[in-house]
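Alright, structures below, take your time with them.
Shared between the two complexes below is chain A, which pairs with chain B and chain C, respectively.
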Partner chain A sequence: MSAKITPMRSAAESALIDRFPAVKASLPGLASAREDAFAAFVAAGLPTRRNEAWKYTDLRAAMREAAPLAARPNDAEITVALKGPSPLARQGVVTLSFVNGHYVATAGTLPAGVSITPLAQALTDGHPLLGRIGALKLANGDLAMSLNTAFMTDGAIIHVAEGVTVDGPIALRFVTSGATAVATAARVLMVAEAGSQVMLVESHEGQGALAHQPNTAVEIIAGDKAVVSHVRLGLNSAGAVALSTLTADLGSETSLTSVNVALTGAVTRHQAFVRFSGGDARAQINGATLLSGTQHADSTLVVEHAAEPGGESRELFRTIIDDEASGVFQGKIIVQPHAQKTDGRMASNAVLLSENAAMYNKPELEIFADDVACAHGATCGALDDELLFYLMSRGISKAEAEALMIESFVGAAIDFIDHEPIRDILHGLVQDWLQARAARLNAGAPTVS
Partner chain B sequence: MPAVQETIDQVKAIDVSEYKYGFITDVEMEKPAKGLTEDTVRYISARKNEPAWMLEWRLDAFRRWKTMTEPSWARVHYPEIDFQDIYYYAAPKMNGAPKSLDEVDPAILDAYKKLGIPLREQEILAGVEPQNRVAVDAVFDSVSVVTTFRAELAKAGVIFCSISDALQEHPELVRKYIGTVVPVTDNYYATLNSAVFTDGSFVYIPKGVRCPMELSTYFRINEKNTGQFERTLIIAEEGSYVSYLEGCTAPQRDENQLHAAVVELITMDDAEIKYSTVQNWYPGDANGKGGIYNFVTKRGDCRGKNSKISWTQVETGSAITWKYPSCILRGDGSRGEFYSIAVSNGMQQVDSGTKMIHLGKNTTSRIISKGISAGRSQNTYRGLVSAHRKATNARNFTNCDSLLIGNQCGAHTVPYIESKTSTATFEHEATTSKISEDQLFYCMQRGLSAEDATALIVNGFVKDVLQQLPMEFAVEAQKLISISLEGSVG
Partner chain C sequence: MLEIRNLHVKIADEDKVILNGLNLKVAKGEVAAIMGPNGSGKSTLSYVIAGKPDYEVTDGEVLLDGVNILEMAPDERAAAGLFLAFQYPMEIPGVATMTFLKAAMNAQRKQRGEAELTTPDFIKRVNKAADLLGIPKDMLRRPLNVGFSGGEKKRMEILQMTLLEPKMSIMDETDSGLDIDALKIVAEGVNARRDPEHAFLVITHYQRLLDYIKPDTVHVMSRGQIVKTGGAELALELEANGYRDYQSAA
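Up next, the complex of A and B:
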């Protein structure tokens, strides 16, 4: 009943608190921002179910131990980590690679009008955009973001000059690797100046089953009339407790498309905080999540319409849950009093494939303006029997019919990506997931249904 | 698009400054000293001549309550309540319980007359439509002053009386069921209510009986600085049916008054309870001064197979409303329904909704909620739909619409949808557009525009439900039904 109970510090909390002074001394730059963020963490602790924003993801319970902050990898470790091909980067795509949260290499040639500075270098040498990191406070005291700010080691500052149209995506490849579990804190700031057009793709890869603890944050600041496309792919290590945050500030008449595809990781949470600071902006925020085993994935979204005309936001989250996995969608659309003419539509649909799967939906609206249209819809249930029957009556096996339905269900969220090769890669990954499911079903174990 | 003019006018007609029931009745009252101690609890229990177990139950609740803190999660803001500055019991002075209406203070009868509540059975019988008879339990501050048609209901085996009378006449029934739906320690206000509840209604419908008339309770807060803590308990045995309506009003006063009720409903196999509320407590003035704090715990337990509980509420009053009528769908095949229209004006704050907890197999629930905020009010829908692992084939449909009039108010929707079984199908939506294409096509084919057709279908749906309400008490409720949600913001 009481909200004032301060739980005892967990082992992870104590470890983080003990670690901070030494880490702070060794990390360059933004000392006061780090300290403020850390103070916020000390005051609140790791979020539990008592914390409304984390109601369905008990981070304190999931993160029993705080993995040590990863040191800069040596050359041998880098070679091992980057051995395989990146799932999203293809020939000719500018790719920045990060191993355990540290920048290691850039492949490809930077297009004209784009500058990229590794964050560690920017923090040491100074950078004109450094002051904009976290300055807009879009995440509004969120704990994952506070921890990232306190511990950020490296990352990138990307600047796209006014009016520049960047051909092809800029890829960020984050790999967590090593013999023991590590924590990482990478931070990316991308400023897309007025009228520019750019696509940013991130892949988060973790090898093996270790319980790595990556915590990444990407901030996008889009100037007036900028067109930004963003894709995030979560392929964390099987045991990972992975946090990731996207913040986006939209100037007037900007357009943002962001698609998050979450596939692996024991406990993952991707959160997006999007603010419409200029009038008449447009955003499409999507999520496609496929879960099996005992995975838990959380998609949290806050969209704030803060300008007039309020612009248009569309959110589509599709979740497939198999075995004993659990999915979470928490979405909130806020319409400020002056953000008239806002048009917001949020939908979360989940399909539960197994009897013991669980889905938690919390689609919230907070509206202070009277001339707006906001809608939210949330559904969850099994695959539609009638559709299944229709397909099977045409000679398609049950397994195939299910696969077709699942593919089209999550595909709807992926199809908003304009860039065809990337879209195809993501569809391919969904098919891989379906094949793994088919293999599990054929083996007769360990599914529960 | 913004609200249409017609809606704006209709909402204005029930604005806080138009409150019609703000008069004060001057009667001599009996009340103990202000404040809340164990002695207050003992006083209330003694005053009602309660059995010893009831006093123990109350004292236990009081001790628990002292260890609890007020909940702060709702989207409502108010200054801290001084629980020692409230009268916990206030009853009109009478020499013993009134044996007939003639013994009741004429001033009180006059008050009910002004409110339009028929208390004299013969007057009601003389009415034009005898089939529309309604039995009334009239609660004035802390006590029930009269319950009509008791004798006639008794012929059908129905027990309808105040909970104080029930504790005298049927203590075994009260003891068996009280606190089994809303446990003593359920929440801060329910626990407070368990300690100091004064009156309310008790209804028992025996097996196989369809209650021959509508039952209703009319709650009136009259005395200054008093809190009203009512407790209502309705039990519908196997195969029975009852429809129950409650109405609430209070005088216009500058200070806030607390109303913390607990309502428990229990349905056995195949039974049905229809519970309707027309809540019109004094909402405070246009600047938010005065008004009732309505902190209410209402819960129904569908214990039996194929039983049904339906909540219908029309909420226009109260400075603050904090109320979530819920259904625990325990019996296989049971059904819960929640229909709500909440209109907030002035500085009112509404945080209301429902919980549908699916535990049994093949349980179904439906939630239709309309919130309209005007002035500087805040209107929140907060709801939970959950399916337990064993609740196979559970189904829920939720539709909540909100409408804002002006840009100084707010509308909020906080639904929680938790599904732990793949066979459950939950749908939640908050638009007026997602109605049946077939119906829309049918209407449009007959020459209606898409908007008119949508309004017709959405309003028609809710009207269907609300028009079943015994509406003789609340003219404004009928006005509300006609309010169109054109311009709904979602």
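Up next, the complex of A and C:
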């Protein structure tokens, strides 16, 4: 005899569950993957603090209502959404624009050796790379990924041919727009074949204060000796509850650099799942987060070394927290038994600018091999008084000295980006954040220090 | 130029007294040296003059051209013409040396109500000073002091001093960690600024630096006080006899 327990559903969970049959009927392709992902979500529900992977970001509490899944925007809506300049997609940069999770246009000339297929079209017509969507098992069971897979509407498949070096970045511009809050589920797969070199940059943009619920996943599969550079910029609407995930499957002797810069949004979580499937790969995974008001931002990272030689991973996360904001870093390095010679080093450093700011650091190492070098470090504190004094002794005011120190602190994570124009844009956005802070301090706004 | 009267200082939040009724005068155009054993309070003196917040002044005053600067923030003291060359200059990853120099120069100009430097004027000044100190241009593009050797950091301090044009400069153990060539370059940087308008307070443990920067006066410091004052010959005497006499006398 067994009692059937029906868990208490939140309004958002019920809405998502009720929505799925109709959505599934209208969305193209990958029916069984959607079913499996949906079943995983139904079984687990939205994660709460009781779920170890979401311990510090209670998604169930943050997402009281499930915003309706955004319909394909009409031309007028697209025009409005793409009106302003994109922060990362400057002139001449090949740019794929997505409005409310739907692919709308590619600007710029595709470089030789690069092909791009909108995901909705790929799902409808069938595409040789469809089978590689969701192929990285490391991200299986993750709730954000499950929801994205169940509800994915559109996105793109990008293919970079073997040995091709792509000049300049390929930009993904995800814009959430509209008069009411919407949910989106865009999915992008990039396969960079062996020996190719490519830079992929994503900007997540949203105007105003609406509580949009974007959930975006970008999957990168890097062939042997590929060199991939990745940048993500989070500029969501101020009220957004935004999820985003990067997965990366690295072949032998590949190199991946990924830098996430998170700036706006009420509750945001960026996850990176990186697997060293081939030997002797190298990855540098960084994050720079600046928070104010009551913002909450979560950076979650899982790196799995699963080949021999185990390769080298470096993780550097820098978080600046002002007012009553809170930051989270969860980083786990897994070294499988055969991944000998793995060299992993992970650091999360946070600076709290006010007494009510909070940071949760959870670094973890799971090492099953015996010939590895792995280390992690997590720090949390105020700005360095000694350095502040040094700068002020040169005549620099306290406010300006703090701004220089903050810029320096997060700049250390940003400066791993080789592409100078993109790096300069990100530094410029950090300076904008600092100017906004200076304005808050000058106005005597309700900072809680 | 600089006058310190009956200065008593303790470490903030502790009872430990470091300066214990210190008196000192440095006149316009003078190069004064302070020598003393480890732990005599030399570095504390330099920090207190520059305004480091870890210390509490319990009595006395520090006057710069007759104005008590103890109530001023460190940046205001700098704008008033004070400069401290640090014993251990700080590193600032991610901020290019040029950016930092421009921020410092313009911040002081702003405090004094002067116009900001134009970029060509700024670059011209930096290049001239850097050439004088043998600082290669690529160092100026790198983050301030990051990966610099001890000697390079000290040269950077002298570069900052040259560009900020203070009237009163304090050199805190500028000779520590320097080889003889770097020491000469640093000394030349100081000597180039010696004139009737500028004053220097050179703090050192060893007499060696004073071979290259000839002091007008030498003060011996022990247990938070100046215990003896003399001419340049006093430094030679200390080098020969050590500090033992002064440690017990205080």
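The rule is short, and it goes like this: the second predicted complex is superposed on the first by the 442 of 449 C-alpha atoms of A that agree within 3 Å, B and C clash if a C-alpha of one lies under 4 Å from a C-alpha of the other, contacts with A are read in each partner's own complex, and residues count from 1 in each chain.
Definition applied: a residue touches a chain if its C-beta (ideal position, glycine included) is under 8 Å from a C-beta of that chain, and two chains touch if they have at least 3 such contacts.
It should be emphasised that the depicted structure is a prediction, and the values quoted were computed from it without experimental measurement.
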*Mind checking the superposed model to see whether chain B and chain C fit together on chain A or clash?*
fit
*Please name the chain, chain B or chain C, that touches the greater number of residues in chain A.*
B
*Regarding the shared-chain residue A:397, is it in contact with chain B (first), chain C (second), both, or neither?*
second
*Touching A:26 in the superposition: chain B (first), chain C (second), both, neither?*
neither
*Check whether A:140 is in contact with chain B, with chain C, with both or with neither, and answer first, second, both or neither.*
neither
_Quick one: is A:344 in contact with chain B, with chain C, with both, or with neither? Answer first, second, both or neither._
first
*Which of the two partners, first being chain B and second being chain C, lies in contact with A:358: first, second, both, or neither?*
first
*Check the residue A:435 against both partner chains and state whether it touches chain B (first), chain C (second), both, or neither.*
neither
*Quote the smallest CA-to-CA distance from chain B to chain C in the superposed model, rounded to whole Å.*
12
*asked:* Per the contact definition, I'd like the list of chain A residues that touch chain B in the complex.
replied: 1-4, 52, 335, 337-338, 340, 344, 350, 352-382, 449
*What residues of chain B sit close enough to touch chain A in their complex?*
1-3, 68-69, 71-73, 187-188, 389, 402, 404-431, 433-434, 487, 489-490
*Sort out for me which residues of chain A touch chain C in the complex.*
385-387, 389-398, 400-401, 404-405, 407-412, 414-415
*asked:* Please output the residues of chain C touching chain A within their complex, sorted ascending.
replied: 50-54, 73-75, 77-79, 83-84, 86, 89-90, 92-95, 100, 103-105, 107-108, 111, 143, 160, 164
